[in-house]
Every structure is written in C-alpha cells, then in structure tokens.
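Should a chain be cited, it is by its letter among A, B, C and D, assigned in written order, with residues numbered from 1 in that chain.
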Amino acid sequence: MRRLRAGIVGGGAGSFIGAVHRIAAELDGQAEIVAGALSSDPARAAQGARDWFLARSYASYAEMARAEAAHPEGIDFVIVATPNDLHLPVARAFLEAGIHVVCDKPIAFDLPQAEALVVLVRRTGRLFALTHNYTGYPMVRQARAMVKAGAVGEIRKVLVEYNQDWLMDPIERGNQKQARWRTDPARSGISCCVADIGTHAFNLLESVTGEPVSSLCADLSTFVPGRALDDDANILLRLRGGGKGTLVCSQVACGEANALSLRIYGTKAGLEWRQEDPGVLVHMPAGEPRRILRAGGVGLEPAARAACRLPAGHPEGYLEAFATVYREVIADIRRVAGGEAPRQEYPTAEEGLRGLTFVARAVESARAGAVWLDL
Amino acid sequence: MRRLRAGIVGGGAGSFIGAVHRIAAELDGQAEIVAGALSSDPARAAQGARDWFLARSYASYAEMARAEAAHPEGIDFVIVATPNDLHLPVARAFLEAGIHVVCDKPIAFDLPQAEALVVLVRRTGRLFALTHNYTGYPMVRQARAMVKAGAVGEIRKVLVEYNQDWLMDPIERGNQKQARWRTDPARSGISCCVADIGTHAFNLLESVTGEPVSSLCADLSTFVPGRALDDDANILLRLRGGGKGTLVCSQVACGEANALSLRIYGTKAGLEWRQEDPGVLVHMPAGEPRRILRAGGVGLEPAARAACRLPAGHPEGYLEAFATVYREVIADIRRVAGGEAPRQEYPTAEEGLRGLTFVARAVESARAGAVWLDL
Amino acid sequence: MRRLRAGIVGGGAGSFIGAVHRIAAELDGQAEIVAGALSSDPARAAQGARDWFLARSYASYAEMARAEAAHPEGIDFVIVATPNDLHLPVARAFLEAGIHVVCDKPIAFDLPQAEALVVLVRRTGRLFALTHNYTGYPMVRQARAMVKAGAVGEIRKVLVEYNQDWLMDPIERGNQKQARWRTDPARSGISCCVADIGTHAFNLLESVTGEPVSSLCADLSTFVPGRALDDDANILLRLRGGGKGTLVCSQVACGEANALSLRIYGTKAGLEWRQEDPGVLVHMPAGEPRRILRAGGVGLEPAARAACRLPAGHPEGYLEAFATVYREVIADIRRVAGGEAPRQEYPTAEEGLRGLTFVARAVESARAGAVWLDL
Amino acid sequence: MRRLRAGIVGGGAGSFIGAVHRIAAELDGQAEIVAGALSSDPARAAQGARDWFLARSYASYAEMARAEAAHPEGIDFVIVATPNDLHLPVARAFLEAGIHVVCDKPIAFDLPQAEALVVLVRRTGRLFALTHNYTGYPMVRQARAMVKAGAVGEIRKVLVEYNQDWLMDPIERGNQKQARWRTDPARSGISCCVADIGTHAFNLLESVTGEPVSSLCADLSTFVPGRALDDDANILLRLRGGGKGTLVCSQVACGEANALSLRIYGTKAGLEWRQEDPGVLVHMPAGEPRRILRAGGVGLEPAARAACRLPAGHPEGYLEAFATVYREVIADIRRVAGGEAPRQEYPTAEEGLRGLTFVARAVESARAGAVWLDL
C-alpha cells in the first residue's frame, strides 16, 4: 500500500482546470502528482512543475509517456487536461504505454476520435475515466440511487439546465486563453456551449435517470457577433422510457455563474438539485410535504453517504465532488493492480462517446433547422 | 363618486376562481358585487347569492344581462367565471347589453370564438379585460418597466415555466369539478394544460418582454392514461427580436404547486421572477453583484410602486395582484364614464386572441410531430 | 344574515394601518365599514370618509359612539386605529355604548390603562379583539397546533426576532407622521421599539408556544441621537416550562424591512417561521430530514387549513392574515348576537395587558441596568 | 523551495477533526503530513499512520517532538488535534523543540493554561496558529474588509449564532468518542457548548467587526439531564464602540446541523453571512436594494478574492476555508525561514486567550445568575 503516482498533461498557468485536477486527485491522500508536461511552451512547463514541486517535468507528452512507462517509480495514471483536440493523441500515448487515463470532458475533438478512443481503451485494457465531475456530488448520487430504487416512479418530465455568462462578451478576442480555444473550431470541435457544458448536463441527466435520451430537437444559437461556434442552446428531449423534457444551456445568460440544475418529475416523486447549492436535494413525494435531504445528513442512501466526507452543515463543494471521481478511479486502479475487476463508478469512455454523439446530433439538428433526430 | 356595482356569472360553490374574483374585485373598496348568476343549477345559484349577500340573484346569465341593463342601479360590469365554452356567449350577452366585461382566461373556447369576441368588443365599444392576473404583481410590473427602459438590453434568452401537479392522477374520474371540465374537450377546447396555464406563461412572457413570439416548436404530452387532452408541454420559442427560449408547463410535475416563473437574459442584465415568492425580482446587471428588488422597497420603477399597497416586508400575494387588475379596470370604467379614454393597462381581448392563437399553434405543432410553426 | 356594519376611528390619510384595517375587515365579504371618525382634523376626516364611500362621517369619536349606538342601522363593531394614547378613551366610549371593539396594539398607553381596559371589557360584556395580526397567518396557526399536539416535545429554546430599519435615521424630525407619534413619549408611552414591534414578537412567542415568559433581562438602546425612546432591544427570556431564549427587536437594523421570525427547538422537533416568507413553516423532526410545510398544502393541521383561502402555490400575505383575525371576530359577533358563547380565537384584552406588562418590565429591567425581572 | 513537512498529534480513528486537518493542511500542495502520534493507543496510532502513508509514527507526542527536532528532514510544524486538556502540554513540547504549532480551538483547558501558552509562544518565538477555521471563508474575509473600509459605518447591532443538535440526546453515555470528551469536565474544561462552538462565534464576531466585546450577560443551560457541562447559551453582548447584540449557541437545537451565522447592522449598511451557505454575503446598503456578493464573483475586496480558489458558481466549502488558514500559516513559516516577519493573518495565541477569557466570563456570569461582567 502506497500513495499512487500521477502525472498530468496540460493544465499549467492560465488553466482553470489544471489546479482543480491537482487538488482533486490528491485530496483524499491516495495519490500524488509527481510528473507533468504542463505546457507546450517548455519554459512554462518547467516553471509550472517547480510551482507544484513535481519530481519530473517533460517538454512533451510523448516523451513523458515513454519515460514514465520505463521509470521504476513511474506514474500509475495520467490526467489529460488539454484542449479537446489533444485528448485522443495524449490518451493514446499513455494507454499504449500501459498507463491508466483520467481525461477531461468532452472525451475527444469529434465523434470519430471518440469512437477511436473507445476502441483503444478496450484494446489496451487500461482504465479510462472521464471527469464529469458533477456526478461526484453526494446529492447527485442520492438522486441516482432514489431513481434506481423506484422512489421517483416512472419518469415523466426532466428539466436540466446549465447556464453561465462568461462568454456573453467576445472575450476570445482578448487574451483570455480558455475563451480563445473553446470558441476556436480548430481546437474545440463543432461546438462550444453544447460541447463544453451541454455535455455535462446531458451526462447528469442520463446518469441520474438511468434512461437514455432517444431523440432531440436542438435550437442552437451564436449570440455574440463574429463567434464561429454556438454559445447557447435550447433542446427538446424524449427519453426512451416515455419521459420528455428540455436541456437548456448557455454561456451568455447574463448573471448566471455556473447554474447547472436537474429536476425530475415522476409518478411517485419529484427531485430537484442545483449545483450552486450542491448539498441539498429537494425530495417531493406525491401527496406529502417536501423534504430537504442534505449531504452528510439523515435519510441518505449508502451511495450518497459514501460520497460525503463531512457531517451535515459542513459544506462540501466542487473540489470535493471532483475528488470523489478521483477516489473511485484510484480505488479501481488498486483493484486492477490486485487482480480484481474494476467497478467503474465514474464516467467511462462509453459515456464520453455518448456525450459526443449528443453534441454531434444537437449540431446536426440545429443545422437542419432544429428538427428531431434520434440519438 | 360611488363604489361601482358588479355582477358575476359562474364561480359558485366548488369553484376556486369565483371567490378569488369576489375578493379581488372588492379589495380596494372601489366596487361591490351586487348581482350574480352563480350556477346553472338554480338552487345552488340562489344559495351562493345568499352566502355572498348579493342583492339580486338570477337563474341564467341571459336573464341577468337583460334585467341589469334595465335596472336603475344595474351593474357597471360583469365578471365571467364560467368554463371556457361559455365565455363567448356570456360576454356577448353583456357586451350587447352595454355592460363592461371582465373575463377569465383563456378568452374563449376556440380561435374562431376568440376572433368573434375581439370583433364584438370593438363593435360594442365596451371595455373588456382578461384576468391574466399574474401580470398584476408589482415585480412583474417592475420587470416590464425595466425591459422597456432598456435596462436588460437586447433579449437573448427567455425561460418561462408554469408547473403544477394537481392533475398528476386521473382525478377527473372522481368528483373534482374543476378537473372534470378542464380535461373535457367539450368544455375546455383543444387543450387542457397549454390553455389553462400555458397561456398565463405565454402572456407573462410577451407582456414583460414586449416582444412577440414569432415561432414555436411544441411537444405536448398526455401522461395520465385515458385523458383526452394534454397535461404537459415543452415548447421551443423564437422571439421577433432574435431572442430564443423555452416555455415549459405541466399539470403532472409531482411536487410543484403553482410554479410559474420567468427568466430573461439580455445583453445588459438578467431578470428572474418566481410567482411562489412574488415580492422578489432578482436583477443581475452585467458585471455587478445581483440585486434583490422587493415589492414596496427601494429602487422600484413607478409602475411597480403603483402596484404595491404595503411597504417592503409586508407580503402581498395572489389576491392583491388579481385585485390590481380589477383596480385598473375600475379606473378605466370611471374614465369612460367621465368621457375620458381608457388606459387599458390590463390584458385586453386582443391579448386573449393572441393567447388562443398560441394554444392553436402549439396543438397544431404537436400534432404534426413537434414541428416549427409561425405565430 | 347580513354583512356586519363597522366603524373606524383614526386611520385616515397618512396612516399606514387605516387602509390595512379597511381591507382586512372587508376582505371576506362579511363586514362593511360604513361610518368613521377618520381624523381629529374635521376636513381630513370628511375627505377620508368620501374616499372610502362611508355612509356617515363624524368629527369626533365621542359623537360617533353616541350616534351609532342610537342609529337603527348603527355599527356592530368599531375599529380603533389611533395612536396609543387614545386607545383607552376611544375603546371606552364604544364599549360603554354597547359596541364591540377591535383595537390596534399595544392595547393602551400604559399599564394602568391596560388594566382599566380589561376591567371595562369584563364589565360591559362586549367583545374586544387586539390586532396582533401576525398570529393570523396559517403557518403560525400550524406551529401553534403542532406545539399543542406535542409534536415539538418539551421546548428548550425559543428565538424570536423583529427587525426593521425604518427609524434608523431621525425621520421624526421631518414630516413622517407615524415616526412622529411613535417616538413621542406623550403619544406612544414609555417605549417605541418594544411597544410597537416587540409586543408583536412577544405575543407570537407566547401564542405559539402556549408558555408564558416567566422572567426577562432586557438591554434597550436608543441609537439615534436625540430620540427619547428606545429603538432597539436585546432581551433574554426564560419560560415557565424551563425553556430559554432571546427576543431581539430593532427599528435601526439597516436593511431589514419587517423581519419578524420565530424559531422553536424542542425535544422532538424544531420549527422555523419567517414573516417575510409567511407561507412556509420549516419542520425539523429529530433524526429526520426537514419538511417544508406550505400554506394551502398537504400535512396541515385543521387550524392551519381553516386559515388558508387559497391552495398551495398561491401566496397569501399580510392582508389575508389580518383578515383572518377579523373573520374570527366577526364570527364571534354573530355568535354573541345569536346567543352563543364567543370562541375568542383572536388576541383578547388579557393578551393585550400581558403585552403591556412585558413592555413595562422590559423598560424597568433596562433602566436598572439590564437586570432580571419576573413577568 | 519544497513542500513543508508537517506532523500531527491526535486526530486518529474516531476523530472528525483529524481528517479535516490532514486535507486542509495538504490541499494547496504546500505541505505534506509525514509524521504523527495519532493516538494514545499505540496500535491505533500505528494503524492510523499506515492509513495515511506517514513516513514516521510515534507512540507519544513527547517522543515525537524530540525525534522530529533531531531528524535531518524533521517536520516544519505540528498540528495539535487532541482534546482540550492536552493542548498546552503538546504545544509546549513542540514549541520548546523549536517547531511551529497549529492548534485546534479552544486554545487550552483553562484560562491559566491559555495565559501560559501565550507566554510560551512569545518566549520561544515560534509561530502559533489557532484553527478558527470559519474565518478562512472568503465571504467572512469580505465582511471584515468591508467593516474595516467603513462600508458598514458605526456598528449598532450584532447577532451571532451557532446552533447544532448533535448533543440533544445523552449520546456521551454510549460510544461516541467526541461526545464523551467534550461533555467531560476533566478533558473539556468548564464548558462544553460555549467552549466548543461559542468560541467560534465569539471569534467570528470580534474578528469581523474588529471591535472587542466589552461586557456580557450569559444565561447558560444544561438541558440534557445528567450532563455536567452546558449544552446551550443565550448571551447579551455590548461592544466597546457602543454596539450591542446577542450571541446564541446550542448543541440541543433540534434540526440544526452547523448553523453558524453573523449579522451586523451599522449606520451605513447591514451584512449577513451564514456558514451553511458560505459563498454568499448579503450586503444591505442603507436606502438601496440588497446585493448578493458571491465567492469568486464580482465586487469583492482583495482579501476576499485572495481566499477564493474557484470562480463564482463553483462552491467552495468547509475544507477550503480550513485550508486557507493553513495556507497563511505555511506562508508565514516560509517567511520566517527566509528571515521575513510573519503576517499572522490567521488567529493567534492572543486570540485564543481572548476566546478562553470569553468562556471563563460567560461561565462566571451564568453561575452568578446571568449577571453583567466586563470582558
């Protein structure tokens, strides 16, 4: 038994998500990041590695994959925190070097790359986790467990939203690094808003309900003049089980910071969860008063309880939810190392492919005039 | 100067909305209900009139219209609180008798009837008000005034919802009078959910934004087996000014009581209003902290201030908002009586026709497989 | 059966509470205000009476009491809406004329006057109601019923607050009529803040818990320079049953409008109610998730249900709660007229005396340096 | 530059706070716990050290202090996470060994010990930080900065609360380790509730307002039969600057989890912060609408911004606030190592002494019948 060793590609200075991955991966004391190729700019990569006290810094991910595979105390897994266009090549380099991969979402640049990655993961037999971090929240786990246990009954209506406003002005024309690559088709792919945050909302919906979306009708918009990709979407959904709903996402919703939310209405109960107040799940059983379920509190399913580090009233947030995804990946790496089967409680490459299929269909629907397409 | 005299058709025992109209019409002390044809059942009509201390009770609306028109102290206006199928005939009887009309929504049974009513109102020159009561809330007035004053900028996204759960079980098979007629195509028309509450949401959206919906794509559902009309809808919207959005309504959203809400996101600010907490309007100016505007409080536009009866912290509710619609109707009746032009700050027959056009297009869209239609 | 006839003394132009009494008394259609002595200024009194369409206007309350007692269609009850110094003389005039009285709080100018009034009420046998209107809220009734039914267990802690900010500046030096008399010892008595709003909080506490406060330690302050009476208080309380708590009130709490709230913690449950969101009662049963009880919703006690006019999700507010007090007074007047015993579900003269005793003890405690006194 | 090395005494299995310290100390990647004396039971200590992958495990804190001081890669600082009675001896051992100390609150078992510790810290010249972790929240920093900048004006009223319910039943009679020592005078000192959570509330109040409490009147209670120490308190406060207020704390407030809150009302603005929704600070400027300030959002003071790791809408919680205290301690250790003066932005031994003085006076006041005492 030892702390696992992790490496990271991307995520250096100017990246929001790099520091998040570092804290999340290490938070439970089960892993330590020891190696990195933090930037394509060698000086920045080296500086980043010093800031993080990394034992080994590399100028390229390819070199890193080779060297770590050969190192006697090489990394157990790598974190891919680059723009979308590099997800596949970076993941391939490490998977083929026998190293497990934790990858940021969306899984890849486009649908063919996502399909290639699924094949690659199966072929190499390495673990692959996609950081749909919002599913790591205890009350998301609670919602999922309640749906699974039948507490909601048959699902009739699902309303999922993810509204932000950080791209409401054309900040990509300035120096904002994240805005630049996300609005650039060459690095981000065919979509900005749907790919960046719509996929989180979609994954949350399918993950909690356990029901696949069977068709959609997507109205995508680009509100900021001169922008090449979508910055807003309103999408009608139908679920395989007969439920219906909407998925709304926006990067131009003035005043909204990170307003991801999920509401599910079934024949037995309704559920409501809001990411900006993540420790609360409103349970609305038919014919009874609402109940406020709280992280760390009474009345939780085991799956939710397991995702709580603190008792009720001690708020856990975004980093802790992210860390829960890592905790499960790390536990699986230990299982696989010990000859056990992995449990894969975190999002996998297949879920990533599903997310990119959603992006592709949404864009296709919108381009055809917001028509219905099967998914 | 005297209190105006009002009459009411429908709204007797078993009606929710009858008592609401009575309180709202009289709340500001400017009118008194003195006559009624409260039920098609003569005994119930008489009992209802006694309960309300009415001076004159009638067995039919036709008789009432004739008699009141001839009475030296006849009513100044009539309230139509019947099921939808009677709106046109009742309104016609009174308008043609020279009596102003306040009518429940939706304006009529179907689109042709709504068109006939608009013509009738113009021809008779009498006042006609439609009780889209939610527009009477001070903070709805505030939102409208802010949009008009340019505080929101160009509207990009509008999210309007109206979710309830009272029809989540087939209660129309039992004795629930309101459920019976609303789910009955012979009395309610071509829609239940969209006509009953979707029209409120639609009116709220157009009334606050001042922008007409130009097209829609409507996915209507009937979730309760055996029900003839819709009990749920998810609708994509496009506004004439280029904004987009969704209108979601449901009568089967388990756990929701009367969750009407409106969110508007523009280039300068966002606004959020929720009917179940009606005294609050969240103002989200771009690049600044959110502001909580409160009924009766500081920072309100004159139109909002005029709709407040009490200082901040003294909650006003549904009845007061309803009463504000009546207050404006009564002021107009006084103006017309004094030879002045009416101001028509309340919803008119034209808005009622607009609402029924929305219902017709939504049903048409849904029947064609949820396709886009102009409005 | 007929609508009752009411009169009002005070409450004319410039008064906040006059219009409130008018709406509340008439809201349920069981009474109509027909006579008034609205101001000590005859011209204002006459104008006020015209504005309200009153049948009879008087220049003085004494004349009004005589005339109404003699009138064949004289008033059934009178509403006393004057400053505190007139409560006793006005109430006496009407009680002795055989007319029931509804009186604003606090019951009288000082403790001896309050005692005199209690004696007077008993002697005349007329009904006397004190408008501690906040007890009219459905969810306050729910809290009271739950405590009475044992759902809270033994009460350990009670936290009651009433914070406002309308007197945070010396507005009494200007033209603000309400501020002028409330801060004037000659009209208001020995206290401003504790008498005006502290008594509401105190009444709410004793009314809901059913437990008398047995002792207090009161720290009163006058924060605005030059003001003669208190504008803030922090008070420790002990209850007869062994519970303890605090009563906090302020008229200088910057940013608070009308923040009356009550929290009760017992051995079996906690309860929380906030007047600014009055339709919600948070029920915190030991070892279970919180439940959100809502006015008009499921899970209510009969006493709460009876105080609801509308189904859940249709907010009722301050005026409706006030009207509920009137509804119960009117029902009692009908009972007494019919030879039945009154039920006195509204606050009585005894509760008014209790409130003024609280004011007297709080002021006495503060003057002695915030020491403990029995109550 | 390297990660600092930390040790921990106490905090092993069964401790809530041990794991919290570990995560908080390591969260920003600036320190790593390498050594520990996790339990007085050697087997448990060893097992705990293995679970945390510690390089060195000790059977006693005395041995640890000696060995680490002598170790070439010995710890830079030690974390004291034992019951209160051990704070002084443990801290002394490490301070005298030249090792900086981070200590849980309250600072010591009693007032003389606290005074001894202050002297010891001054004599040894080592850094000493007290983990009043709640002051680490960004919005607490924001409140403090706003008060300091004069945005609140002169403070008139302060309401601070800390309510929990975990001791509402006599769980100390069972196996609950934390309840056992906290309710045991031999380990906890003269107070349970006031010492455990009242000190947090007191520190929050003085830290944010920058104003010392000058006197208090404390009503302490023991509601659970058989318990030796207080489990509830209601305390009147007066501040040196003329403001007044209440401090309320409870461990028997049924339904409350960790309800620490602070409200400040001044001549220019009010502020409200609630630990269970820590990312929000309500700013109530006089005569303007309320503003919702949010962690990571716009309108923050530099001190608040510096305490945010994530942008608005990405909730940070209890662990992150705790980690901010550690971040500042670690920065000071680096400063001192580099010959710079420490900044001491975290609570110091003097604040710890102040807290224990508050406990002593509160208990003394209560024993004398809840009388006023200077502080």
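Quick note on the criterion: contacts are C-beta pairs under 8 Å (C-beta built on N, C-alpha and C of every residue); 3 or more make two chains touch, one makes a residue touch a chain.
Predicted model only: the values in this text are computed from it and were never measured.
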| item | value |
| --- | --- |
| Chain separated most widely from chain C, comparing mean CA positions | A |
| Distance between chain centroids, defined by C-alpha means - chain B, chain C (Å) | 35 |
| Distance from chain D to chain B - Cα centre to Cα centre, in angstrom | 55 |
| Inter-centroid spacing, chain B versus chain A (mean Cα positions, whole Å) | 43 |
| Of all residues in chain B, the ones touching two or more other chains | 256, 290, 294, 297 |
| Topology of the chain contact graph, where touching chains are joined (line, ring, star, complete, other) | complete |
| Contact footprint of chain B on chain A as seen in their complex | 156-157, 159, 161, 163, 165, 168, 217, 219, 221, 223, 232, 234, 236, 238, 244-246, 248, 250, 252-256, 265-270, 272, 282, 284-286, 290, 369-372 |
| In the complex, chain B residues that touch chain D | 283, 287-294, 297-299 |
| Touch list for chain D against partner chain A, complex | 1-3, 16, 19-20, 22-23, 26-29, 50, 52-53, 164, 166, 256-259, 275-278, 294, 296-297, 309-320 |
